[in-house]
Amino acid sequence: MAEYLIQTVGLPGWLTWSLLAVLSAVLILNLMAGGALVFIWAERKVSARIQDRLGPTRTGGSFGWLQSLADGIKLLAKEDLMPEGADGMLFRVAPYVSFCASFAAFIGLPFAFDMVGLRLNVGVFYVVAVLGLEVFGVILAGYASASKWSLFGAMREAAQVVSYEVPLGMCIVVPVMLAGTMDLVTIAEKQAGWFTNWYLFHDPFTFVVFWVYVTCAVASVNRAPFDLAEAESELVAGFHTEYSGLRWSFFFMAEYSSMFLVSGLAAVLFLGGWNGPVPIATLLGLSDGTGESTGAIVRLLGLANLLGKATLGVLIMMWIRWTLPRLRIDQVMTTCLKYCTPIAAVMFAGAMTWLWVFPGGVLNLDDGSRRPGEIREGWLEGPGGRSTAVSDAPVDDAPALAEIAEVSK
Amino acid sequence: MVRSGSCEAAASVRLPTGVACETQQVMGDKNMRGPAFLESLEAAVPGGVVGTNLEAIDPWVEVAPAAVADVCRWLHDSPETGFDSLQCITAVDWFEPDPKKAAKAGWDPHLELVYHLWSTRARVSLVLKTKLPRWKDDQPGVPPEVASVAGIWRTADWHEREVYDLSGVVFVGHPDLRRILCPEDWEGFPLRKDYEMPLDYHGIRGR
Amino acid sequence: MSQVIDDDPRIIEFDVRTDEMLVNMGPQHPSTHGVLRLVLRTDGEIVSEIEPHIGYLHRCAEKIGENISARQFIPYTDRMDYLAGMNMNLGWSLAVEKLMRLQVTEKARHLRVLISEMGRIASHLVGMGAYGLDLGTFSPFLYAFREREKILDLFEEACGARLTYSYITVGGLTADLPPGWLERCEAFLEQFEPIIREYHALLTTNAIFVKRTAGIGVLSPDMAINYGCSGPVLRGSGVDQDMRRDGEPIYTAMYDGYAFEVAVMKDGHYPRDHAYPAVPADAVLGDCWHRFFVRMLEVVQSMDLVRQAIDQYSACKGPLGEPVKVAEKIPAGDVYLETECPKGQMGFYLIGNGSAIPWRVRARSSSFSNLSVLAELCHGCLIADVPAIVGSLDIVMGEIDR
Amino acid sequence: MSSSVAQLLPVLAAAEGGLNWHGFFFLLFALLACCLAVAVVLADNVVRMAFYLVLSLGATAGLFFLAGAEFVGAMQLMIYVGGTLVLLIFGVMLTAQEPFVSIKTPVRDKVLAGLVGGALLAVLIQAALSGPAWSGSAAEGGGGVALAAGQPSATPLGMALVGIRVDGDVASGEKSPEDGQVRSGYLLPFEIVSVHLLVVLVGAAYLARSKRRKSSGGQGADLSTGGMR
């Protein structure tokens, strides 16, 4: 893309690169902002349907799809109050910190084979690390609003999110172990083909780990039934009691985008990322069946797949929110420490033994080219490796790899 | 448990006066209203019972103000009566403000406390009444005093606070006698017949 | 080293010094039912002491009662427990009729049973929905109000009002049922039956709901009696008392010819509980869960009563009878009557002096005593349990403050 | 000093004349980290100090990413910023009641700190600038810092942890020519460090344990399951 601009259009080098950088940033930002808007509307409609009522119908056509826009304008117009005893700088900065945290995590999430902000080799690790930063925004907001209620909410939220990162990390290690790499793109590639290749169905242990992951994800994103921070029945509105107008909308956007992110991560790790349940692209002959197809139509199909799965995840979260009552703070902590973490650990051990007992997978479906036991890293493929967008460095330690292959057979 | 049959009555007709509706006070063989009950009460608290009225729709027993606590204690604790639940405490201000009617009225101004007791086991109710002077030794503004029964029935705690707040009766021995419905710094006792609404309260115009 | 510390008595071992906080919950708090202010003394999350402040909705109904005639007082009884206006009217009308030794016609009696039991269903629906709100789930509230709206439509056809009915009055009822009302009421009951199972699935057997309510706010039977609790709060603690069966003859006579069992747990199980979810393992008799479950059983009990009332009412031939004139003279004398209202036993004490205007009117409210037990229940619970316990008592501030 | 500064500038000029983005971001993150570190020292409000620390450590994570060491960058973000600083802010918030929030340091301490800091800085700069890579290769290294060869990956690190060394030309287990030791993996040191941390953790928990009056059963005692105490 850059070469094209420089040669044909003759733009100076630095302008093209900055243009491209801005373009990708805007793309991701819009995906997040657009996603948040759609989800706000979806939340109203889904909760309405669950509660046997209609939800917004008048704004913009019959389905009220402009409702989020109307909310946005209202929030923009509303005055940004700041309580008198508040710590000015921290109060203003807090929403942007939590917004940036969930925005930065989108860089690592692969939407289709080559549609990823930055193909990090430590993709999963990076996303989880940045997701942990969102709690800063909440803590600072709770402290800076100088009100007893918001401090209560911030305390509860911080304790909950920090403690739920432990089981979340453990659940993520299982698919990473199955794929042998932390690179999200490779993990998704490995689950190409029929849905039986998805890690969800890889073995009973990963199946359970998926559901533990869902619980921890719902908790770490602070959605009901774990939404202690904004428990309106006890505390008035948790940490964002004192916020209004645009700042409040940033918190709102951060919550929805991290919801989308967490379900996107679930899709990539367990549900085969951009690979659909039925490999239509391979059946139609558009791609070569190894999941790394580079055709434009196939990528769009992949994008549709991932967005569909992530949106399904978000809808499920909404569905849970409008049916289940809220847990008490000590029950939330007990589920984390006494239920999620031990189950995740046991399942991790189970998945490992399963891998050791059935290296090729029980059904031995694949032809051994994708044996999960071996490490399929881009640069370990050797000179004849796949032509990927990233140039392969000449690998001079092929003999060492052969030896590894024997060890692990 | 089906209760079959009831007093048949066609159109809305008045029962002849004087025939006490079959009051549930008559429970099984023990006639709680009967003389036997009054003798046992008299024996338990000598000088307690001052008067009775068994013909009224809700027959009641009048007790001397000083003996209220003892009578209630006996009624609560004694096995055969066992009134373990206090339904309601009411203060009635018998005072006719305008002199003309006061002359015709058959009673002299006084304050009357009415206790409604209920026994959950025997499913029987009892009404206790006691007469208090309107003001303590007749200085207007100083509420009369009577022993508190909050120790016997915990529900009396709030009921007595309400009677104190609205009708002005001080209950001696009450754990925390404060106004319950009106603001803490409200003057006067609203349910008194001669109560005047204050002109203003913290700047809010009263009348 | 640790040995030295342990046996040195002078070392005052203090806990991590967390200073006590006085937290104000209400009066404008989303979870307190109406304007109730709770002052909590909390130590971290643990509530060590709680003190309810009431009186924000005090309209001195009793003082007004001394200036208007008995029948004119009916609209004030509507506004005491505004969620069960019908039952309030019934209580006051029966008290006055007891004083006037008045007997209403058979048709009026059956119609009163029908209407007051429908009122009980509507009130329990609000109690169930609001309790879901207190525990954080929003949907049951809307399901409950969807059904309550249908009942209010029926009431609107009968007496023209949806909240403050003044339909049952001294001497009978203000108007007879419009034609076709009974069929519509029958249709409502038909479609309401499966929805009760839906509520059970949504709340009663919901794991998180059970976790938040079972074993919380346990009220022992004798403490309930001592604090004068009544209604579902008393029956939730296992005390077998229901004024419709044990009350004054003039009130129990109203239910002659009706078969119903009191919804209370006797030796381990509720009446006819085969059709309802089992009691969860860690639910102790007298906790929030049992109070909630008793209300759900009473809804079904009231539905049976309404069906029987419909049959009895349509079988009645006689006229409905006229209520008394507005300025009817009340005989001298005092009378007290307690009726079984949805929240508990609502008592009216009335003193007449021969003129049309009563000398003294006193309303003994059930929520007033039910709330007084709150301080005892919330001792040592967590902050998140306070709305759960207040919700389980199902209090209405209009009735408490009068 | 001025000559070394002059050497910095070509870093910005990329080979084909346009702006060298890599250099630009490097300078940006470096400046950000340093200024925020200074801000941490100068800030008098405790909570703001903690917040600046979060930002400056975030900037250093950015530097790691720039240098292609994604694993270390992510590690920095997760461990430092996501873990330690959350606890630090917890501690600061819980204790930052009025008397502790703004810490005014007397002028005398400021001067002393400035002196010590300045001396340390001078030593560091002198050591950095005298290094061969910095001063010597300014001429041919003009193309800016070359990206690490090929797609950087954490796998050699991961496997080394397990004891299989793939990053050198010598297979694991043989003697390495230069220093004669066995090039074993990092498993042993890794385990030692983790046990060490465990011991430290237990010690800290024991020291900070809440002292409770021995006799009192106390209301709090039986509510000890979970809860915020």
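Going by the order they are written in, the chains are A, B, C and D; count residues from 1 in each one.
By definition in this document, a contact is a pair of C-beta atoms (placed from the backbone, for glycine too) under 8 Å apart; a residue touches a chain by one contact, two chains touch by 3 or more.
This is a predicted model, so every value here is computed, not measured.
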Chain whose mean Cα position lies farthest from subunit B: D
Pair of chains joined by more contacts [C-beta pairs], B-C or A-C: B-C
Separation of subunit A from subunit C, taking each centre as the mean of its C-alpha atoms, in whole Å: 48
Whole-Å gap separating subunit B and subunit C, where each centre is the average of the chain's CA atoms: 24
Inter-centroid spacing, subunit B versus subunit A (mean Cα positions, whole Å): 69
Centre distance in Å when subunit C and subunit D are each reduced to the mean of their C-alpha atoms: 63
Shared interface positions of subunit D, touching two or more other chains: 227-228
Where subunit A touches two or more other chains, by residue: 329-331
Residue ranges of subunit C touching subunit A (in the complex, touch as defined): 21, 23, 29-31, 45, 132-139, 142-143, 146, 202-203, 206, 208-209, 211-212, 382-387
Subunit C contact footprint on subunit A (complex, rising order): 47, 50-53, 148, 224-225, 227, 231-234, 236, 322-331
Subunit C-facing residues of subunit B, complex: 1-15, 17, 19, 21-24, 56-58, 84-88, 90, 92-93, 114, 116, 120, 123, 125, 127, 153-155, 157-159, 162, 166, 179-183, 190-191, 193
Contact footprint of subunit B on subunit C as seen in their complex: 54-55, 58, 60, 62-63, 66, 98-106, 108, 171-172, 222-223, 225-228, 239, 241, 245-250, 252-253, 255-259, 318-319, 321-322, 331, 333-336, 338, 345, 347, 349, 351, 359-360, 362, 364, 368-369, 372, 401-402
Residue ranges of subunit A touching subunit D (in the complex, touch as defined): 12-15, 17-18, 21, 87, 89-90, 93, 120-122, 125-126, 128-130, 132-133, 135-136, 139-140, 143-144, 151, 154-156, 158-159, 162, 165, 181-182, 329-331, 333-334, 375, 377-380, 390-393, 396-397, 400-401, 403-404, 407
